[in-house]
Amino acid sequence: MPRVFTPVDISQEEKEVRKDYFDRHTPRIVTAKTAKRNQKLKVKVIVGEHYEHPDVPEHYISYIQLWNRETFLAEAHFTPGMLGNQPSQVEVDFYIVPKQTMNLAAMAVCTNHGLWQSESMEIRVID
Amino acid sequence: MPRVFTPVDISQEEKEVRKDYFDRHTPRIVTAKTAKRNQKLKVKVIVGEHYEHPDVPEHYISYIQLWNRETFLAEAHFTPGMLGNQPSQVEVDFYIVPKQTMNLAAMAVCTNHGLWQSESMEIRVID
Amino acid sequence: MPRVFTPVDISQEEKEVRKDYFDRHTPRIVTAKTAKRNQKLKVKVIVGEHYEHPDVPEHYISYIQLWNRETFLAEAHFTPGMLGNQPSQVEVDFYIVPKQTMNLAAMAVCTNHGLWQSESMEIRVID
Amino acid sequence: MPRVFTPVDISQEEKEVRKDYFDRHTPRIVTAKTAKRNQKLKVKVIVGEHYEHPDVPEHYISYIQLWNRETFLAEAHFTPGMLGNQPSQVEVDFYIVPKQTMNLAAMAVCTNHGLWQSESMEIRVID
């Protein structure tokens, strides 16, 4: 199985030169922590927080997935050049309708640097 | 090749009972008609305008693609239940960085009713 | 919608220099014309018959799809370098279980030269 | 991140009733252990060895991926009914051209039972 790089690895990383590398590849979930039951919720996934990722044929983010615990929800495949061949934060917005509390996680794949996961994020569902 | 259902077919459709069917499956692109060169642009794709599509295992929208003329840009795969198993507008937001005028089109696939295309949409790029 | 290049275009093509281009991008379905009902059938899709396609980051076959009439069956996404960065016929084998006569078609996307379709192929199903 | 079910879990499993469950979901790589450098190699991935997996809209294998160490190589998405709605071994054949020793692994996702990985398989490359 491919090694999975985790957000924990980043916080443990002390060398400044490596923080760049970890930040640039780690997906983040941006959404509300509380959602209305049976109402549509936007879930943004961004790769990178402070550093932008290349978008050239030899090096780009090829896909982003969204999971709810063990359940695969959605996946977006990208092509290089989509972001103008310039460094950029890769992002996609999925839309889901929660029926009960969810525990979301995102996965992202870089063509050169493998498989990265986000921190998981609990969505509390209220009536 | 699969038959491709087109937006033109909808406007020609006179029977009310069929408008529902066409509207429910046709992807629409929602974005600005004018974009700044080299700046990130959000491109939303929604399936259905007035009617919502089912989200059950036997019948759901399985993927949405974004194209710029003959160039494939991105694709999102979905799973049933993601929208709470209730009728909903399926949507996804892609992000692109235009360098020159683009002519976008979206494609969507329904597991029961085949391949549907959007009207194409020109994005004029200004400095 | 992206223009779809068709096998018909190839046969109409008289200039030798263009045959190369068309052959290299057109998917072909290779399977039996007659299948046993409810038995697994291998369906190979190859892109290119006499000419091989590049496999470099700037130019490769990004996906191949299999359709039965209007029904989407399966899709394989590829990454450049998978074929050793050398020109090659791109291929994938899908497996299906026919219950009744099928009319298969394949679609392929080149990152530089767009969307191509195969000739459709009827699979007669016998008991 | 989704929990990843591993082949190790199977061998540790003593209850017969659970062997079925594990076997049915674990992808296996079937290919030669030795490959010629720069020659095309067929890599079959099968889900399940002794037990077959359902192929109904509420329960099917949605995708299979192939990895070489940390590098994502290819992915096949499936749709329910492709295998005649009857229990079956899900399989796909990818083709790769090895340039040096590879360490392959497959991942598979069941719509109901999550993410499963294969044992990894080393391919020795000879001239």
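Each chain gets a letter, A, B, C and D, in the order it is written, and its residues are counted from 1.
Convention: a residue touches a chain if its C-beta (ideal position, glycine included) is under 8 Å from a C-beta of that chain, and two chains touch if they have at least 3 such contacts.
Bear in mind the structure is a predicted one, so any value in this text is a computation, not a measurement.
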Proportion of interface numbers common to subunit B and subunit C (over half same, under half different): same
- line: Taking each chain's mean CA coordinate, subunit B and subunit D are separated, in whole Å, by 32
Interchain centroid distance [CA atoms averaged], subunit A/subunit D, Å: 24
Message: Two or more other chains touching the same residue: where does that happen in subunit A?
response: 62, 71-72, 77, 79, 111
- prompt: Which of line, ring, star, complete or other matches the graph of chains that touch?
  reply: complete
- request: In the complex, go through subunit A and note every residue touching subunit B.
  value: 38, 40, 42, 44, 55, 71-79, 82-86, 88, 90-99
Message: Going by the contact rule set out above, which residues of subunit D touch subunit A in the complex?
response: 1-4, 6, 62-63, 67, 69-72, 105, 107, 109, 111, 113-115, 117-118, 120
Task: Flag every residue of subunit C that touches subunit A in the complex, lowest number first.
output: 56-58, 62, 77, 79-80, 111
